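Chain IDs A, B and C follow the sequence of writing; residue 1 opens each chain.
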Amino acid sequence: MTEDTTEKTKKKVSASDFFNKDVVSIRDFSKEQIDFVLELAKEIEERPRLYSEAMKRKIMVPLFFEPSSRTCTSFQMAMMRMGGSVLDFDVEQSSIKKGETLKDTAVMFRGYKPDVVVIRHPLEGSAKLFADIVGFPVINAGDGKNQHPTQTILDLYTIKEILGDINGAKIGIVGDLKYGRTTHSLSFALSRYSGVNMIYVSPDELRMPSSICTESRNNGARIIEKPLKDLERVISDVDILYMTRIQRERFPKGDEGERQYAQICSEYRLTIKMLERAGNKNVKIMHPKPKIDEIEAEIDDSEYAYYPKQEANGVYNREAILFLILGGQKI
Amino acid sequence: MTEDTTEKTKKKVSASDFFNKDVVSIRDFSKEQIDFVLELAKEIEERPRLYSEAMKRKIMVPLFFEPSSRTCTSFQMAMMRMGGSVLDFDVEQSSIKKGETLKDTAVMFRGYKPDVVVIRHPLEGSAKLFADIVGFPVINAGDGKNQHPTQTILDLYTIKEILGDINGAKIGIVGDLKYGRTTHSLSFALSRYSGVNMIYVSPDELRMPSSICTESRNNGARIIEKPLKDLERVISDVDILYMTRIQRERFPKGDEGERQYAQICSEYRLTIKMLERAGNKNVKIMHPKPKIDEIEAEIDDSEYAYYPKQEANGVYNREAILFLILGGQKI
Amino acid sequence: MTEDTTEKTKKKVSASDFFNKDVVSIRDFSKEQIDFVLELAKEIEERPRLYSEAMKRKIMVPLFFEPSSRTCTSFQMAMMRMGGSVLDFDVEQSSIKKGETLKDTAVMFRGYKPDVVVIRHPLEGSAKLFADIVGFPVINAGDGKNQHPTQTILDLYTIKEILGDINGAKIGIVGDLKYGRTTHSLSFALSRYSGVNMIYVSPDELRMPSSICTESRNNGARIIEKPLKDLERVISDVDILYMTRIQRERFPKGDEGERQYAQICSEYRLTIKMLERAGNKNVKIMHPKPKIDEIEAEIDDSEYAYYPKQEANGVYNREAILFLILGGQKI
């Protein structure tokens, strides 16, 4: 799916577009292809029984070189709900501890031929490197600061679920916009829909890279940047507030990084009071999780909190992706 | 199963009593309900083939925040023998490491909807907290010093297997009776049978809490407390000797806790000589395992040792519980 | 399969020879039995579909007390490809951390009755000890410096695949021949074929134990020993070059061990230049993996490198072994 997609967008999308393909970057998909995935995910959510044998005899390997709860668990749930098997590969107990390179690990899996590998690795480009070696589909579950495409797909699904239509969405994207790969991919993906408004809200040190701003604008989105102190005013103005965690692990190591991190965290916290003062009863909050202190616990049980359903959506969308790239069969 | 059970005990127990329920405390079950589980476990032990498809398409998540061999492994065995799937959730690799709360982890699983979670967590009440959030059955596999109900069920199964009937059993319960949740639940559960004699044998520092003594007496059990030095005399007087490990992890941290622990361990050790001197050839030894040095290795291969069968019983009883709460089907 | 095999070698080998047996040492198999396994593995490689239900309802437990990538992963792949289940047993999270003995762990599994345990443990003889307790088949996946029989089987499969016939093979075995259990078992196994030439190439400190040399010679093999500096000349003279890793973990702990290890590593490195100078275009390189720096990365993508196929062969051969000892059924 790395070929140029301008031609493809004119063709009707079909399941065969996805078969045996890697999912390395959200850019591997055309907007129409993403819509196709979202529709399938919707059917899987509504009629799970039809897909309960779809991954029979298929083997997935989750290969997580960095901690993960949601991505790893929801991929496993997705595979198991469709009757597939999940191999347990513990990086900590592996030959990587004996000094083996990622390339050698990839060569090993090329030989072992599971049906799909889901990989998270701190190095940018690692998923691509892996995919180029193995000869079966690879799904990127996060390569450092770079990409995490299935997160973007479940985010789009959730936005569509909330608003009925992604076109015309007005979304505040808040938090660490510098290091947060999630917000980069989401901005790009949203900008391909028509009439999308995005308001980037971040501490000054963590502003969205200008390349992302420019690209989203070029795609036709309306982009505004706001400092963190304007958060309340932004809330009153958007349909959806997409919050993100300040990721300690993306800051520089050592004292200076620690100080910077602590300072920002102390200023970045959404409270129920802020939501009430903003006076936008319909605003829905999304968050890719895990969250730490950036959202006050009281919000979790309010009507504002859409992030529990958002994370649940992760399973349906990952089922859809696995189904498509592995060529699953409905009952 | 947290509602009042006095009414229920008068009704005939049926499988539907258990469907979709949590197993958080042994107190969630009436005596009659426990007998129902024990009978099903017996059938599963004798006719495993009939249950080999019972968990087809069901997914269990073991969520172990503390080390476990037997509980975690036997639950997995139980699920797999009945054709179910087990999701691998590694707490060490999870978002809990990024600072996520147990509540947020529970909210995540509420969205992911596995069929059952088996949870062990150091915090008392954690299983209940988790169960109240998720909306599918949760089995408590140990919440700190509090409860571990499936251990009690397999213990009762084993006692019934040894003696033919739990009523009238005469049992020495030995070791750490202060911190050992196993002995607390077992005392309560046994006290509901008629004519049960329990002799508590412990170091003075680790005596059974008086609340447990009182409750068991109120339920009609005959309770005697003995110091550790009387162990031999107790052996000659009981049907079953239920030994427990002195749990280092339940003692206070630091030097004083360490000293206390070492002192007690040095005095607490059952030997084959003690058993021979006691002259009770029929006494059977039980132990919830793991054991360290409290039982001399020679005993393992003797007729006295019933703990190997006891641990094997863990699988049948956990199969029975899973079968009931998930509504399994026999072939 | 520990009984004397001289009688058996005269009989026709059949699948029933293997049923319910342990695989602890390569010596448990006669040459004819190994050939039988290799033939089955070949059929599994060529017609995997016929074996895709063979392990239905069977449960394998990988019990790895030392790191492993290939062995553990390929056993899991083997089991899952044949429709079996794999139980997750994490040694780090187990009662072994509470001080439990290997014997007690074995007694536990005797009670839990999985269909097979695959064990790796640093202690020589551990797999045998475990197998003698449990009462179901056990496969040794490496017991310290001692045995790793399934590695030898996949090595023989690979040699046969390269040369068409193991008889008459001319093989250089290179690296750590002192501590490397792989090379010991392979030498023994090869020596039972006729007309086999083996050239042992190693640093002086890591020469093949004389007992292995003697036994292989007594079995009829031609053995020559060479120092590491003669590696190039050896290459020009053999069909296959079997490289091994210098295993840091087998050296003595501490500074002296570290120094020895670093010294040897600096001298031990196969380069593409060496291969070109040797002028033997047909030589194939094998390696049990993981490899570190002993093979220059350029070689990986050359015609010389046979180790990628060698590791892929691990799955087919482990499928064959599981199929035989668990009595699998073809479709």
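We take it that a residue touches a chain if its C-beta (ideal position, glycine included) is under 8 Å from a C-beta of that chain, and two chains touch if they have at least 3 such contacts.
Note that the structure is predicted; figures quoted are calculated from it, not measured.
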Between 0 and 180 degrees, and as a multiple of 5, what angle does the rotation take that fits chain B onto chain C by Cα atoms?
120
Over half of the interface residue numbers used by both chain A and chain C, so same, or under half, so different?
different
If you average the Cα atoms of chain A and of chain C to get two centres, how far apart are those centres in Å?
41
Listing for chain C: what residues touch at least two other chains?
88, 90
Taking the touch rule as given, give the residues of chain A at its contact with chain C in the complex, in rising order.
57, 59, 61, 85, 87-90, 93-100, 103-105, 107-108, 110-114
Going by the contact rule set out above, which residues of chain A touch chain B in the complex?
52, 64, 67-70, 72-74, 76-77, 80-81, 83, 86, 88, 90, 245, 248, 289-292, 297, 300, 308-309, 311-315
